[in-house]
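Next up: the structures, one after another.
Presented sequentially are two complexes of chain A, the first with chain B as partner and the second with chain C.
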Partner chain A sequence: MAMIRNKARHRLVAVSLILPFVAIFALVFAYPVVEVVRMSFTNAPLIGGGEWIGLDNYIRLFSDKLFYTSVVNNGYFVLLTVIPTTVIALGIALAVNRLSGRMQALVLVMFFTPYVLPVSVVTQIWAWMLDFQFGILQPVIEFFTGKSVPVFKNPNWVMPTVATVTIWWTNGFNVLLFLAGLRNIPTELYEAAALDGATRRQLFWRITWPLLWPVTALVLTLQLILQLKIFDQIYLLSEGGPFNSSYVLLLMVYREAFQLNHGGYAAAISLVLFLLIVVISVLQFQILRIGGKGK
Partner chain B sequence: MKIKTFVTASAVAAVLGAMSPAWAQQTVTWWDFFVGGDGVRMKALIDEFNAEHPDIEVKATSLEWGVPFYSKVRTSAAVGQGPDVMTYHLSRMPLGLSEGVLSPITEDDLQAAGLSEGDFFETALDAARDPSGQLHAVPFDIHSIVLYYNKSFLEGSRFLDEEGNLTGIESVADFEEAMQVAAENGSETPLTYATGDDGGAYRVFYTLLAQQGGTLISEDGEVLPGDSTDKAVKAVEIMTKWHEEGWQPEQALYEASVALFTSGKSAFQLNGVWEVPTMKDLEEGGKLGFEWGAVEVPKLMDSQTTWADSHAFAIPHQGDKEMSPEKREAVMTVIGWMEKHAISWAGAGHIPAYKPVAESEEFTTMQPNATYATLADRATYDPRSEVAGVASPAYDAAENIISPAMHGYMSPEEAVEQVKSELQSRMN
Partner chain C sequence: MNHQRRVENIALTCITLVAGIIWVFPLYWAFVTSIRSEDRVVSEGAGLLPDEFNISSYVDALFNTSLIDWYINSIGTSVLITLIVLVTGMMCAYALSQMEFPGRRLLYGIVLASFMVPAQALVVPQFVLMNDLGLINKWGGIILPQLVVPVVIIVYKQFFDAVPKEMKEAVVLDGGGDYTLLFRVYLPLNWGITTALGIITFIMSWNSFLWPFLVITTEDMMTIPVGITQVNDAFGVAYARIMSVALLAAAPVVIAYLIFQKKVTEAVMISSGVKG
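Now for the complex of A and B:
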C-alpha cells in the first residue's frame, strides 16, 4: 500500500514539475504552430478567420517567382556567413587563447561588444559608415575599386555587405563557444605530444581540431539556423532591393502579412521556411556527426 | 469608523461617477505619424484645442510612419484597443477598406463637426470614399511634390521673370535647359530628389507618368494597361537621362537629397510641400544664403498634373465594441475644429482640403503655398489599389526597381516589365 501511494506521489511531483513547462510550451509554441498550419490553408487576413481554401496558398507560393528568388538569396546568405563566421571565430579564439590574464579579458571584451548591441544600432552604424555620399568607409572602397559604391543599392554588393555586417555583429558569441571548447582540452595532451616531438601544425590537426569538433559542429548548426532566419539586417539596410537581389523568405512573410494583409499566404511561407530550417539543420547536424566520428 | 468613512466616500464617488457623462470630460485618444516639422505644428494645434475645450481632452501619440503604423492600426482596431481618431493617408484607403478598419463617416457625424461635404475639394473627397460613395475619412489636406528653386543659379537667364520668379519651363527640354544653365552657373547637382529612396523615385516617376496621361493601375486591376507601359518607359528614360547627365544626385537618400538643396548645391528640388517649413525656418534663421521659391511642378509633358495624396482623419472600428455617441461627438468636434484651424497646418506647406480655409484671404496670400495651391484641382492621386499608396508595393517597386534602373543597372524597358509583373503578382 505504502509503495503504491509513494508511486502516486512521485508521479504527482513529477507532473507538477513538468506541468509549467508543458503549459508554456503548449501556449507559446505548440498552439501557434498548429494555428499557423491551419491558417496556411485559409485565405485569412492578418487578423481574424478566413475561409478554407485547401492547397491554394501553396500552389500560389510554388508558382511565385519571388519565392524562388528568396530561397536562392537565403541560400546565398547562408553560404556567405556560416562557414566564414565559423572559421573567423575559430581563428580569433585560437589567438585569444594564447593571451592570458587581463589582456585576454580585454581582447575578448573587444570582440564581444558588437554582439551586445541591438540590431538597429548595428545597422545604423554601418549604414552611416557606408553611406554613398558621406560614409567614412567610401574612401576605402574607392581605394580598391576606383569609385564609390552605394553598397546597399548595388545588386552585387548588397548581400556580401549585409553578410559582413552580420559576421561583425554576431562573431563574439562564437568566439566564446570556441574558447570554452579550447579550455576543455586537457593540457596534458599537448604536453605529451610536445614530448613526442609534435610540431605546431600536428598539435592543431591531431589534438585541437578533433577535440574541438563537437563545438565546431554546434557553431555551424546554430549559425545555419540563425542565418536562415535573416530578416532584421535586410529590412533595415536594403529592404530586399535592388530588384529583389536581397529579398529573403522572412521579408516576404513580413510584407505579405503586414503590408498586404495576407495572413494565410504569409503562414504558408513561414511554414515552408520552418520546414526548410528543420530539414536542413537536422541533415547538417547528422552529416557533421558522421564527419566527427570518422576522425 | 475609518472604514465607514471610506465606504461612504467611495459610494459618493461612484454616484458622481455614474452621473458624470452629462458634464464629464471626454478623453479622445489620438494617433498620428507626424514627427518632423509638421509634427511640431500638429502638437501646437492639439495643445490649442485642449486649452479651448475644457470638456474634451485629446491625448496624442505619434507613431512611426509607414507599414508599422498601418499594421498597428489594423491589429489594435481588431481587438478594440485602437485610438478614437487617427490620421490616415487617403492613398491607403483601399487597404483600409479591405481590412475593414475604418468606420463610416455619416452625414450626422459631419453635422456634429459642423462640416458638410461641399466644404471640401472634390479630388480629396473622392479619395476618402468607398466604391459606393460612403465617406470613411475626413480629408485634412492635399500635399504633393512641388518644384523648389534656388534663384541664384538662374539669374540672368530666361528662366527668371522681372520679379525674380521661375518662368519659361513648359517642357522637358526647357527643364533640361534650365538644369544645364544652372550647371554652368556652378550648381553641383542642378536637380535634387531622393533618387535612392522609395518616395523620391516614386513621386517623380508617377508625376511624369501622369503628365503623359498614363495609368499605373487601372480600375479593374491591370498594371500599366495599354500604352501606359510605353509612357512608363519614357518616364524612366527621362530620369535615367538626368542621372547620366549628372544633373541629379546618385543614390541620394531622403536627408541627403534635402541637404543638397538647402546647402545651395542644387538649383532645383522636386520634393513634398512638407519641406516648406524647413526652408522657411532656415531663411528666418538667416542660414539659407540664397533666395528660393516653390511652384507647382511645371507642365513637362502633355498635361499639367502632379502626384498628390491627402492626410485625413479617420475613426477606426473599436473591435466588438461600439463607440459611445458622446465619445463620437467629441471626436467629430475635434475633427471639425482641426479643419477650421487648418491655416496653422498650411504653415507646414500643405494645402487645406477644407475650402473655407483654402479660400480664405489668409491662405491665398500665404507664400509659397498660394503659388502652388492651384494644383489642388488638377492633382493625380495614387491609383485606387491595395498595392498602391504610401508604404505599399508600388513604393517598394520604385526603390527596388526604378531607382536601380535609372542608375544604370537595368534598361528602362526591363525595369517597367519588372514593375508590372511585381505589382501584378502582389495583387492576387
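Now for the complex of A and C:
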C-alpha cells in the first residue's frame, strides 16, 4: 500500500518537473507545427480565419517562378558557403592549434569574436566597408576589376558578397569545433609516425584528416542546415534584390506572410522549406557516413 | 629541433597572426570610423590610423536614438529567456535522466526530434498565436517562442546521467526527495555546465533577429539587433554615428565573451557534441 502511494507520489513529482517545459513546448512549438500544416491548406490571411482550399497553395507554389528563383538562390548560397567555410575553418584551426599559450588564446579571440556579434552589427560594418563611394574595400575591388562595384546592387556580386560576410561572421564557431576535434587526437600517434620519418603532409592525410572526419561531417551538416535558412543577412544587405538575384525561400515566407498578408501561402512555403531541410540533411548525413566508412 | 624547422615555425606563426589581424580588421575599422567626425570619415586622405578622438557620434548615439530603450529590452528579455530556459530545461532533464514515469522515452524522443524543426519555419503560426494571446509588441511575445531550446535538455541529461549513483543513495537515505536531489546535488555538481549553457543561451537570445523583428512594431519596444537597423534610416549616410551605434550594440556580448572566453569555447564544443 505504502509502495503504491510512493509510486504515485514519485510520478507526481516527475510530472511537476517536466510540466513547465512540456507546457511551453506544447504551446509555442508543437501547436505551431500542427498549425503550419493546417494553415498551408487554407487561404488564411496572416490574422484571422480562412477557408480550406486543399492543395491550391502547393499548386500555386509549384507554378510560381519566384519559388524556383528562391530555391536556386538558396542552393547557390549553400554552394558559396558550406564547403568554403569548412575548408577555411579547418585551415584556421590547424594554424591555431600549432600555437601555444597566450599567442594561441589571442589568435583564437581574433577569429572567434565576429561570431558573437549581432547580425545587424555585422551587416552595418560590411555595408560601410563596401560602400560604393567611401568603402575601404572599393580600392581593392578596383585593383582587381578596374572599377568600383556597388556590390549589393549588382546581381553577380550580391550573393558572393553576402556569402563572404556570412563566412566572416560565423566561421569562429566551426574553428572551435575543429580545434576540439584536433585536441582529441592523441599526440602519441604523431610522435610514433614522426619517428618513422613521416612528412608533414603524410601526418595530415594519414592521421589528422581521417581522425577529424567525424567533426568535418558535423560541420558540413550544421552548415548546410544553417545556410538553407538564410534570411537575416540577405534582408539587411540586399532585401532579395537586385532583380530577385538574392531572393531566398525564407524571404519569400516573410514577404507573403507579413507584407502581402498571405498566411496560408506563406505556411505552405515554410513547410516546403522545412521538408527540404529534413530531406537534404538526412541525405547528407547518409552520404557523409558512407564517406567516413570509406576511410 | 633543427634550424630550418624553427624558421619555418616562426614564419607560420607570423602568417597566422597576420591572418588573424586581417580577420579582425573590420572591427578595428568600425572603431576608427566611430571616433572620427562625419566630415573626416568621408574626406580624402583619411588613413588607416586613428587620427582623431571625437566621441560626438557616441554622445549622439546614446542621446538621439532609443538605444537606451533597446538595451533595456534586450537585457530584460535575454535574462528572462536564459533563466527560464535553464530552469525548465534542467528540471525536465533531471526527470528524463533519474526518474521513471510513463511516456519518458516518448518525451525524450520528441525533444530529440524537435531538433529537426527549424524555428524559422514556425514564424507564421507563432505570430498568429502571439496575436491571439495579445502579446504582439510585448516582452512576452519576444520571449515565449524563444524558450524552446532542446539542446539544453539533451546536454543536461547527458551530464546528469554521468553523476555517480552513490551520491544519490546518500541523500535518499537521509530522506531527501527528488527536488532536494536536483537542487542540492545534481545542480551544484554541474555548475560548470550550467554557466556554459547560460552564456550560450544568453548570446543566442541577445543576437536573435528574425523573431523580434517580426513581433515588435514600435521603436521603443525593439531589441538591440532590430533597433540599430533603424539608425540607418534616421541618419542617412552618417557612418561615424552608425558605427558608434553598432559598436555600442555589440559591446555587451563582446565584453561578456572576452570575460568568459574559456566557458564560451567549452559551451560551443559541448552543445555540438564534439566534447562530452
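Just so we're on the same page, the second predicted complex is superposed on the first by the 270 of 295 C-alpha atoms of A that agree within 3 Å, B and C clash if a C-alpha of one lies under 4 Å from a C-alpha of the other, contacts with A are read in each partner's own complex, and residues count from 1 in each chain.
Methods note: a contact is a pair of C-beta atoms (placed from the backbone, for glycine too) under 8 Å apart; a residue touches a chain by one contact, two chains touch by 3 or more.
From a predicted model like this one, the values you see are computed outputs, not experimental measurements.
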item	value
Which of chain B and chain C A:V116 touches, first, second, both or neither	second
Partner chain(s) touched by A:I47 [first = chain B, second = chain C, both, neither]	both
Chain B versus chain C as contact partner of A:P242, first or second or both or neither	first
Touching partner for A:A8 - first (chain B), second (chain C), both, neither	neither
Partner chain(s) touched by A:P150 [first = chain B, second = chain C, both, neither]	first
Contacts of A:F258 with chain B and chain C, given as first, second, both or neither	both
Touched partner set for A:L66, first chain B, second chain C, both or neither	first
Of chain B and chain C, the chain that contacts the larger number of chain A residues	C
Which of chain B and chain C A:F132 touches, first, second, both or neither	first
Touching partner for A:I83 - first (chain B), second (chain C), both, neither	neither
Common interface positions of chain A, toward chain B and toward chain C	46-47, 131, 133-134, 258
Footprint of chain A on chain B - complex, ascending	67, 70-71, 74-75, 78-79, 95, 98-99, 196, 198, 249-253, 256, 386-387, 391-393, 396, 399-401, 403-404, 407, 409-410, 415, 418, 421-422, 425-426, 428
Interfacial residue positions of chain A with respect to chain C in the complex	10-11, 13-15, 17-18, 20-22, 24-25, 27-33, 35-36, 39, 46-47, 92, 95-96, 98-99, 103, 105-114, 116-121, 124-126, 128-129, 131, 133-134, 136, 168, 173, 176-177, 180-181, 184, 215, 218, 222, 225, 229, 231-232, 236, 250, 253-254, 257-258, 263, 266-267, 270-271, 273-274, 277-278, 281
List of chain A residues in touch with chain B within their complex	45-48, 60, 64-66, 131-134, 150, 153-155, 239-244, 255, 258-261
Chain A-facing residues of chain C, complex	9, 12-13, 15-17, 19-21, 23-24, 26-27, 29-30, 33, 41-42, 84, 87-89, 91-92, 94-96, 99-102, 107, 110, 114, 116-118, 120-129, 131, 144-145, 147-148, 153, 177-179, 182, 203, 206-207, 209-210, 214, 224-226, 228-229, 232, 237, 239, 242-243, 246-247, 249-250, 253-254, 256-258, 261, 264-265, 268-269, 272-275
